[in-house]
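My structure is below; once you've seen it, I'll send some questions.
Going in written order, the chains are labelled A, B and C, and every chain counts its residues from 1.
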Amino acid sequence: MNKSSLGRFFEDFRMGEDIVHAVPRTVTEADAALYLALTGSRFSLFCSRPFAQSLGFAEVPLDNLLVFHIAFGRTVADISRNAIANLGYAEVRFEHPVYAGDTLNVHSKVIGLRETGNGQAGIVTVASRALCAEGRTLLTWKRWLLMAKRDPDTRSGVNSPAELAPEVSPASLPLPAGQSFADFDRAASGESWSYEDYQPGEIIDHVDGVTVDDAEHVMATRLYQNNARVHFNQHQMASSAHGRRLVYGGHVMSLCRALSHNGLANGQWLAAINGGTHANPVFAGDTLYARSEVIDKWEWPDRQDLGALRLRTYGFKNCAWEDMDTPVMTEKNGRRQYAQSLVLDLDYTVLMPRR
Amino acid sequence: MNKSSLGRFFEDFRMGEDIVHAVPRTVTEADAALYLALTGSRFSLFCSRPFAQSLGFAEVPLDNLLVFHIAFGRTVADISRNAIANLGYAEVRFEHPVYAGDTLNVHSKVIGLRETGNGQAGIVTVASRALCAEGRTLLTWKRWLLMAKRDPDTRSGVNSPAELAPEVSPASLPLPAGQSFADFDRAASGESWSYEDYQPGEIIDHVDGVTVDDAEHVMATRLYQNNARVHFNQHQMASSAHGRRLVYGGHVMSLCRALSHNGLANGQWLAAINGGTHANPVFAGDTLYARSEVIDKWEWPDRQDLGALRLRTYGFKNCAWEDMDTPVMTEKNGRRQYAQSLVLDLDYTVLMPRR
Amino acid sequence: MNKSSLGRFFEDFRMGEDIVHAVPRTVTEADAALYLALTGSRFSLFCSRPFAQSLGFAEVPLDNLLVFHIAFGRTVADISRNAIANLGYAEVRFEHPVYAGDTLNVHSKVIGLRETGNGQAGIVTVASRALCAEGRTLLTWKRWLLMAKRDPDTRSGVNSPAELAPEVSPASLPLPAGQSFADFDRAASGESWSYEDYQPGEIIDHVDGVTVDDAEHVMATRLYQNNARVHFNQHQMASSAHGRRLVYGGHVMSLCRALSHNGLANGQWLAAINGGTHANPVFAGDTLYARSEVIDKWEWPDRQDLGALRLRTYGFKNCAWEDMDTPVMTEKNGRRQYAQSLVLDLDYTVLMPRR
């Protein structure tokens, strides 16, 4: 028997099962530097110790998305090796800052299993959790995937769909307990805007574009030790529908988030991701643009230093926002459909300093 | 109003104005490792702790050019987003070594403003300064740019050109005060040459060539958080005169400096850059070569351990020095013109151990 | 005289000569993070501090191959600038773990010199040693190369071939003295297999493939400060037989080793490399696959915690193992010949936890 693994199929998951993911990872300052080089992020919280400490962080925390991608990377070998598609994320909660030296241990619980109508595949939903070595929860998230079946011809009849919250509610939003945004240095962050300056419905065109290169997205994905085959194997992908390696969706999220610095430079701390969809694939050579809409804003009577903005950031490829001549989403025969140039629809919540 | 910024135009600068640049940056060992991987530098001072400490450095300092590029990167969003061209550098002074853990804060003073003859653009000169969190000046430099006007049709009549020194003079050259080159280990550095071995007029052909790749120059430029659009957006650059992303001139400087190790391995500490010109653009796929000329040499009676060499390093593309069949510079209709294969003309001063 | 070096030729080596290599290197956590990003390695020992410490390591050690490549890189300027081919490695012994902060000093002794039959070139064999600043030997290895002659027309008559051991024997295998694999965490490593589960003759197909990109292999090679020209200079290589830059063989070793995690996840510590051959060149764009054979297995009465597996890992390009329709090696006119898709034949010894 070959000792290498081909990964799990739909039939290999059991409702309620808890999967401990291998390859715990001790993160370092080098992960942060590589993240800058791979994404172009400019949020001062993640690159300046005096800035981070002025907000009450012990040290420079690792960028929330970097932590998310590394934690997510732990789960790929067990969960998504045979995924046909990553359908979405929900309830991503950034519970605690992660610092260089912390070790991420990740496990996942199967919370939904549902065979597709034609019986050819199944939808698997897992709730994942990243803990540090001391046992504190750093990050939790849910995701669901379309999973290949080992035996597509045998019906399983499994039908236990998961229930997912449409948002991380203001009441449950994880706010950094030991931190305060009262002395937020807007000269250092790069923009003067405060929580009060943003209004629901407001749209921010982030203006700039960034082209993705092969070595770059591959290095990013490997830094996260995400070993999904579609990102790495050109020999195999040449005979796929796309003919090319797919850029990891998490890298697309990070590039769009980095672009969003221009207009959202003070939305530095990601508290939650409410939902996310990779609407169309991205390939090396594509140029990404981003624009954000303020969906909602929340404040708390006991936190005069900060409020939260719920944002929806769209990522586009090879088309600046101002040149976009079709709506982001259309309905066709009753089905909602994303524009072909739309690659990311990310609904998330950032903390903003108040005036 | 869109909250993202399009950057300043010529009309937005005021003589004497002081601009505090955002995104202070705490540098780490990882910046140094990435710099090695991105440039191929082999100067022992920047990669060996025992070597650095034998010269009196507290730790391995960050490569001077790495520090310069990171400091420079802070200024781009405020200064050069709408630059038509970076015309040159002058009076770059490396005042103090920078170590992992130091934070760079950068600000710039506008010291020259001059509308061009046709009124379509203007030349802006700034004096910039990088300080560590404790307030010590690490690095100062001046640069001038051709800046787009917001309204090219309205004459401003501004005519306050800056005066720039042609060199950082021997008398004012910043020498590392707590360091001594007396025990300079030439087996560790890789060459036996000393200050006394170099003579003005001497030429060193650095022999080797290095090809630039897209992901590489983009990662280098992002590591510096330099967000000038011309380096990143292929979708936009496709319709430019060049049709391609431009390689950041600072990366070209670093590649040529790395090549110069072969023949100048003991010229490790950069004390000053007297002037620099990016004579022609570099694109991914180009192969760079370098050759240096010793312009001058200086010594000080109270420093028996070291002297300084003023060097002029030329960078070429797709043409080794020995195959070059045109002069570096020609005159045509009274105008000096660089050969098309010449990409860099860098005039700088390094410290060299004495015998 | 040009002060830059063109490197040594066959005539420049003397039997018994000891060469101290320049550019000592202090390794950091950043080298480890870059190695993950450049190779996709997932061995938990090299990325998790709790895992490393549970085996008795003081900290996360640097991946053995990363250490080997960095140590090897020191020797290139002196040894292999004018190599026509790297013919092989032998007796690579990993004596001590290397941690962030350690400095590698490397020297080589010439142990074999033999002119080729036609007198046009010569085979040079060196024994190299990497020591930390405190003088402890970290790593030793031998390699032999086909070296160009400065003057191919003058016979040297030199004929002192080196003798090389075909393997690092079980009796002399360096076992980590202060470490114990008794508490090896197989949930963390990712596989349940133990020493007892592997049998000589067993074959493991590592299944996955990975495509090499230009910027990636160049960055890896530069991280090791290996400055062999064939990897970097496209302008020069365009007129070579291959027309392209060659991927550094060490990078190929690392990619195949990273692929081997799937099936050999518990073979984390490399004790020795018995021999290695780069059978065919690899270029950017090639996709690598790997499969391993268990050659032998060894145990020691005083080490109940671990045994050793002698493995032979083959690397293939653009051809998965299952699609391979020719034998790995054929004989033609009495000469053994590798299949064209075979790029690496690596014979090495890993330690495995016992049950």
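Note that in this section a residue touches a chain if its C-beta (ideal position, glycine included) is under 8 Å from a C-beta of that chain, and two chains touch if they have at least 3 such contacts.
These numbers were taken from a predicted model, which means no experiment stands behind them.
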| item | value |
| --- | --- |
| Given chain B and chain C, the chains that contact each of them | A |
| Turning angle required so that chain A lies on chain C, C-alpha fit (0 to 180°, nearest 5) | 120 |
| Chain A-chain B separation of Cα centroids, rounded to whole Å | 37 |
| Residues within chain A bordering two or more other chains | 28-30, 33-34, 213-216, 219 |
| Contact footprint of chain B on chain A as seen in their complex | 28-30, 32-34, 36-40, 42, 44, 47-51, 60, 187-191, 193, 197-198, 202-211, 213-216, 219, 262-265, 285, 287, 318, 320 |
| Contact footprint of chain A on chain B as seen in their complex | 2-6, 20, 22-26, 28-31, 33-34, 77, 101, 103, 133, 213-216, 218-220, 222-223, 225, 227, 229, 232-236, 245 |
